[in-house]
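Below is one structure; the comments refer to it alone.
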Amino acid sequence: MNREFLFIGLTIFLGLISIILAFVAIHHKKLSVAVISTSFISLFASIIFLLLAAPDVAMTEAAIGSGLTTLIFFYVLNKIKKTNA
Amino acid sequence: MEYITLGHMSLLLGISLTVIGFWGILTQKNIIKIILSFTIADAGVNIVIVSLGYVVGKTAPIIDNAVVQEAGRNVSASVVDPIPQALVLTSIVIGFGVTALMLAFAMKMFTAKKTLDINQFNELKW
Amino acid sequence: MLKNILIALVLIGFGVIFYDLFMVYEAKTELTDLAHYYAKNGANEIGGANLVTSIVVTYRGFDTLGEVTILFVAASIISFFLKLKEDEEEKVIGSKDTTELLVTASQVLVPLIFLFGVYVFMNGHLTPGGGFQGGSIIATGVALMIMANPNFKINTQIIHWIESISGVAFVFAGVLGVLLGGGFLDNTFKGLGVGEFGTLFSAGVIPIIYSFVGLKVGAEISNILNKYQKSQKSI
Amino acid sequence: MVTPIYIVATGLGVGFAIGILKKFGKNFTGALVLAALAFMTFISFQWFYGLHYGSEVATYVYTAGFKPPFSINLLMGQYESIASLMINAIGLLGGIYMFNSLKARGSDAQVVYLILIMAMNVLVMTRDIFNLFVFLEIVSIAIAGVILLEKSDRSMSAGFKYILASGIISTILLLGIVFAYYLTGTLNIDDFVGISLNTYKGGGLVIFLMMMAAILELKPFPANGWGLDLYEGADPGISAIISGASATASLFVLYKIMAFAGAEWNYYVALIGIITFVGSNFFGIVQENTRRMLGYSSIGQIGLLMVVLGFKDVLGDSTPFILFGLLISHYLAKAGLFWLSGIIKAKDLKEWSVIRKHPYFLFLMGTFVFALIGFPPFPSFFSKFNFVLLLTETGNIAWVIAILAGSMLEAIYLFRWFGYAVKSENSHIEKNKVCLHKSIPIWIMALALYGFSYYTSLSNPWSIAINFIPLAFVALLFVLDFLPVYIKNSLSILGMAYYFYLVYPQLDNMRLIFEVIFIVGGILTLIAGFAYKGTRPGFHAVALLMFAGLTAIIEAKTTLEFFFGWELMTAGSYFLIIRGKRSMTHALSYMMFSIGGAYALLAAFGISNVGQINLDLNQIGHISYLSTWAYALLILGFLTKTASVGLHIWLPGAHGEAESDVSPMVSAILLKAGVFGLVLTLIAMNGSDSQWSNLAYALGWLGAITALSGNLMAVFQEDAKRLLAYSSIGQLGYIVFALAMMTHLGWLTAFTYSINHFMYKAILFLTIGAVVLRVGTHDMYKMGGLIARMPMAFIAVLIGIIALSGVPPLSGFAGKWLFYNAVMEKGWYFQGIIIFFSGGLAFLYLWRLIHTIFLGQLKDNHRNVKDISIWFAIPVYILIGGIMVFSVRPDWVLQPLGNMLSPFFPTGQLNWDHSYAYTTLGYWSGTNVFITIVILFLIVFGILALSTRKAHKLKQFDITYSGEKPFRPETTHVAWNVFAGFYKAVWPATIPLVAKFWDYVTDFFHDGAGFTRRIYSGNGQAYMMHILYFIIITYIVIIGG
Amino acid sequence: MSIYYKLGYTLLGLLIVLNWGMLMSAIFRKIVARVGGRYGIPYYQPWIDLIKNLGIRTTLSHGIMFYLGPVFRFTGAVGLFLFMPVLFGNEAWANFSFQGDLVLILYFQLFGMLGMALGAGEGGHPHSAIGISRGLAQHAAIELPMTMGIIALAIQYQTLSISDIVAAQQGSVLNWSIFTNPIAGVTILLAALGAMGHSPFNLVKAPNEIPIGPPTEYHSTFLGILMSSGAILHVMEAVLFMNLLFGGASNWFEMILKTFLIYFYSVFVGVVYPRFRIEQSVAWFFKIPLLLGIIAILMYSF
């Protein structure tokens, strides 16, 4: 039961940060900050997946959601920056 | 008290992220931001799905040898629901594909008009 | 202003809908019948320790096929969408040098990453992970290679070959299921047996198929990354 | 039998393998893709064939070697096989059509296309809800990809909007699916059907989410801006796929989800469908861009199909017939049109005139347009007919009204478009290059359409009785279109004569009269066609199409046959009218009123249909349910054809601008179809009860006012043919009035008028038309003094106007005399006086007609003009002979007519004593009056002629003119504005209120649609907002409210 | 009675009507002249004109249609005589046993007009066309109240036969329609002003001031025939009103007296009122007479 409460607390904590990050992602003027925030949301989500006893999902989310997706975002940002420069 | 469970909390988080994502989709003018909002909403939905499969106090749906010895490979009493997890795997990959495609569009659209403002892409209308 | 009000109304509306959804949820203490079946018989029927893998590869293998297809379609679209014209390729800007550290790191890390990726999908039926995870790990390695040397050209041909062959193999395995087993994507090939539980060569052909999936996913994602990388070079 | 899983295996296997095979070149991969598509088509065809003919049963395909719900399974049943065949066939044909554009984008694009088609197959077959989601995503992504075949910024932004929208939709769907799993523990659709999801807590909400996603995939109005952009922005080949295949698959998805959504959803699906149908067609009318317009039409059609799905419980066994009839027509026609739009590279509707440079494409376009709107013999006709009938039968009148209104709107813009194609200026546009591989698929679609038409006609149990012989003859003439006029004309005349010979023994007297007017009249007017040279492309086929329709309504025994004929006639006459030089807009308004009228008829048939799907025409009289409405609608429908005031504005232009020999066909003959319909209706009303006197009374007033306004407007026309057209309105007003009296004498009057009007209006229109052919203008003030050049025409017109004006001794007076006796007997004095006054007005315009054309001074440019063509003179003089016979011996006509009417109106007959006709009010002998007057006339004429036998003919300008000779001949013509004085006195009555009213209606629709469609701002975000709002509002309506 | 006797009587009747018509027109012209302070023509002037005109042989022809004007006109006039009972209850003068049908009469009036219209048109003179157009327009306007009045009478007597209408008025002066149905009577009398074609409704012929209208084109024999048909028409129209409103006539004297009074009535009005323009006269008929006509019918339709 204690473990359960620990998990709940962790989820609430990560959840609150995620929500704040989501606001940041949407509102921050710098796109790179926004992309990184989103990447962190994915990362926290994968931790929450672990808490929810879903290691497979956690791995996938970490690799794809916070890794590759972010990478592609940066490709695009880079391209945009180049074109503007 | 009955709402303060791991499932409820993560479900709430998932729903919140989804709504925030929708909010971003509707308010942001920058196409990249819209796509970001989409990924946020996606993440939210994924969390929702996994939380629905959570069973209080059970372990990951992997049969380790200890369990096998006890239950004769029947692990139905000890694991969480594996199906939502399988679905989420699919969903994450789909989300990646869609995001990659959207970003490709965004990049091309930017090259075409040198802007990312979605309001500028309305040559088809009425 | 009106637009903001409208947006606020939409969000409130969705808030209500999602609230209703939320209220539907009750913390579960039991598995559903379907999950129960999988938990009970999954190991016996398929022979894999990882139930998620069993479901992904076998029970819902058709979904996985679709999933691979989605990545494939997305990669194909991006491929012809971002394709550079011949003359544009000439005007490629000479990319700036990368740091020594990154180059060295990539030289050391990339083989390791590849190895890890392969391990992940080969052991998908035993441990967490599988084709998707392994594939994306491999793709990360490819990405690292590209980052380390922006002028580095992936041998596209090889990627295509890997992608193509693993894809066809997946479909072929499915068709074999029709011919030999109990239906499309019947990976157990009833006669072959499922092997000894818990070992690498257990769970029928799951490891093989999941390897194909991993290779294919890796190749597809690498393909996408490659296209993006190439698109960087043109103006 | 190849298991359907090979559709998937083939699609994916070939798709994946192309990665290796691409080095063999794009042609090879393209061919490989086509081969794969062909194999997929073969598989689904095999299943379709097997299931349809019963050699196969619906089969589940299991994957992974486990039974559902543990694994995913597919189902290949009868409907699945049809949908799959449709998808694969259009995929194959589209692949052929787009071979080059796919090739241009490389093997990757070819693969995406192949996988798109494959995935839609799975959408149809899968029985697992999550699997459905996965393949829906594949379809979405693939569509977003194939949009890019068209390399433009427009298609790019359309694609992006599409991804955004489908992203939102799939989020909703996914939420619904996982919650469904959470609640029920299964993902299998068959399980959902079994367990009734509604009984779970929150089950309704879950269904709501899934239904919303399924419905949104169908692009419901107004949350469909992204869909429209898709249609407009994509390559036309892709638009065809989206419209044909994707819509079919999405509809199937909806069908599957509806299976477990619960019956209460049917209503909402139908509601959303009807809103979509009416809404998008409403916006369609202001579109100038072809593909966007077709997009609106596609969305509208899908809306209609949703209505059918929503009513599936009400329609029962007829659902598949109706659904597939509509779907097939839409599928074939829309694909064909989109493909055409890819060959005819005209963005603007008006530029479609270039299609005339490819006459066979014009034929294809016409086929598709008529199929879309639901004209016979296309499957959509039978579907719509049954659908409306069943809906009315079950009391869903409001739905019927909405469906008909939506169809009407759709017809407006499609026919406008077709009108542009047929008529507008095309010399400035260059002919498009046509590749064979692009036109073959279109031909296949059109042929399939005709094939299905034949098939549907046979499979519809009530249409077996339809007589297809005339239609076959029409088809023959169409095929022989390359032959010169004289051959086709002789062929037509012989065919009609032979058909008349075949048919006339089967007809009762009343029908025989109309058949004589239609067929014999048709033959007579066709004789005039010999005057034309060359091949006169298209004329004979469409003229015969009209006559086929006319004879079909005569022979009709059931409402379906009647409606079938009615629509054929409308189509034929539309084509005939649009042939005129400046008749585009008039043909359109004719079509609109005709369709509106036809829909009124359809609704009426529906109402009167209670209990039996295809009512015997004679049974209409025995209806009890909403019978006032049924009669009112029937009358309204027929009044549009008789051009009663208020519904007449199409007539002057349509008849006035038609070709010389077409005007008499549409005026003297076609209008009688409306009369025939009215006769049938009134017989039914009379047969049932006398409680309809109010309706008849209103009809009487309407007839009287029509007579007055038609004649009044005719007085002020400057255009000879328009004058005659307005005169027709007036004459038909008399007939309607006389019929409305519902007495023996009244009907006798009406029939007399019908026969007379046929004869003298044919004479006048033929002669004036022939004159117009010679002098090249319709404007009367540009003619004059033609009596010197055209005595033959003059005599014909003279006889014609004497007969028309009703002056004794010619046959027109018979009508007048009967008329007054009838009016006095009935007691409808005011109406009678209005009509008498109209007669006076007729005198005004008739004099003007003959005076300004034939009398007065000859124009300089007409000095060498020849008399009318002998081919026009022959029918004219035959008809004059008819008038003379009728005048000398009216009893020969009136006595049989009276006997024919006696069963319906046994009292108040004429009594005959030799040539004397007696009524309670007076008596009259046509023969004696004729003889007396002719004798007198000849005596006086003889005296005069004798006394001036030595006179010599004066020169043209040898006249007294206020003591001087006119020095400028033009001043001798006062025909322009000749009734100025009269006009000053009566001008308030000539304000075209009705035309203004209809203009106002048009403007209202146009402006309204133009304003409202601005919700489609082109902004992807706004579109997503529409989607979310659509969901919320539906939520409030369905769950909250 | 054999057909030949009948023919004889009819011809005789026609002769009487013709001469009476000519006399009346002479009287009319005399009255107008006297009112205007002139001496006027002698009473026998019409006969002189007629004989003169018939005696002249024209050498000009405008073509065949030009002939038809007078022919139609004359046929129309004589036909009117033939189809209407001039004297009531007298078999000899019953004119080919047509007891007279109102519808026939109403339409047959148009026969002559039609001929005139066509014939004058053939002349090629623009003014004749103007005259015709005015005549037709005015005629259409006159017909509306006229028909209303007549229909009102037909409703009253439930017959369309003139003979029956006359028969119904026998017995007493008070049985005349003008007394039994005064509104219809007044309507018809007002419309009759137009039908008789005197001022203020004679712009059509406009005899004096400007050379307009058909008579200016016609001459010689044509004019002779026109004159005689005009004389017959005048009488027959008066006879129509006499039959409808004033109890008909049972002998020639009564007929002459009544027609003279009717004729005089229109002459009297014509002398007093100036000429209307065509739109004025059309509008005039659409006001009071039309209103009266509506009332007349309303009285019997319920």
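Letters A, B, C, D and E mark the chains as written, and numbering starts fresh at 1 in each.
Everything below uses one rule, namely that a contact is a pair of C-beta atoms (placed from the backbone, for glycine too) under 8 Å apart; a residue touches a chain by one contact, two chains touch by 3 or more.
Everything quoted here is computed from the prediction, not taken from an experiment.
Chains making contact with subunit A as well as with subunit E: none in this assembly. Among the chains, the centre nearest to the mean of all shown protein C-alpha atoms is found for D. In this assembly, the chain whose C-alpha centre lies farthest from subunit A is E. A comparison of the A-C and A-B interfaces places the larger number of contacting C-beta pairs at A-B. The centroid of the Cα atoms in subunit C and the matching centroid in subunit D are 55 Å apart. With centres set at the average Cα position, the gap from subunit B to subunit E is 100 Å. Subunit D and subunit E have centres, each the mean of its CA atoms, that are 53 Å apart.
With centres taken as mean Cα positions, subunit C sits 16 Å from subunit B. Under the contact definition stated at the top, the residues of subunit D that touch 2 or more other chains are 130, 134, 137, 141, 144-145, 175, 179, 181-182, 187, 1025, 1028.
Each of residues 7, 10, 14, 21, 25, 32, 34-35, 38, 50, 52, 60, 63, 66-67, 70, 73-74, 77, 81, 128, 132, 221, 224, 228, 231 in subunit C touches at least two other chains. Counting partner chains per residue, subunit B has residues 5-7, 12, 18, 22-23, 26-27, 51-54, 56, 60-62, 79-80, 83, 85, 87, 89-90, 92-94, 96-98, 100-101, 103, 105-108 touching two or more of them.
The set of touching chain pairs reads A-B, A-C, B-C, B-D, C-D, D-E, using the touch definition from the header. Residues 3, 5-6, 8-9, 12-13, 15-20, 22, 61-66, 69-72, 105-106, 108-109, 111-112, 115, 119, 122, 128, 130-131, 134-135, 137-138, 141-142, 144-145, 148, 175, 179, 181-187, 201-202, 205-206, 1025, 1028-1029, 1031-1032, 1035-1036, 1039-1040 of subunit D are the ones that touch subunit C when the two sit in their complex. Of all the residues in subunit B, the ones that touch subunit C in their complex are 2, 5-8, 11-12, 15, 18-19, 22-23, 26-27, 51-56, 60-65, 68, 73-76, 79-83, 85-87, 89-90, 92-94, 96-98, 100-101, 103-105, 107-108. Interface residues of subunit B facing subunit A in the complex, by the touch rule stated above, are 4-7, 9-10, 12-13, 16-17, 20-21, 23-24, 27-28, 30, 32-33, 35-37, 39-40, 43, 46-47, 50-51, 53-54, 56-62, 79-80, 85, 88-89, 92-93, 95-96, 99-100, 103, 106-107, 110-111, 114, 116. Subunit B makes touch with subunit D in their complex at residues 18, 22, 25-26, 29, 31, 34, 38, 41-42, 45, 48-49, 52, 83-84, 87, 90-91, 94, 97-98, 101-102, 105-106, 108-109, 112-113, 118-119, 121-126.
Interface of subunit A with subunit C (complex): residues 54-56, 58-60, 63-64, 67-68, 71-72, 75-76, 78-79, 82-83.
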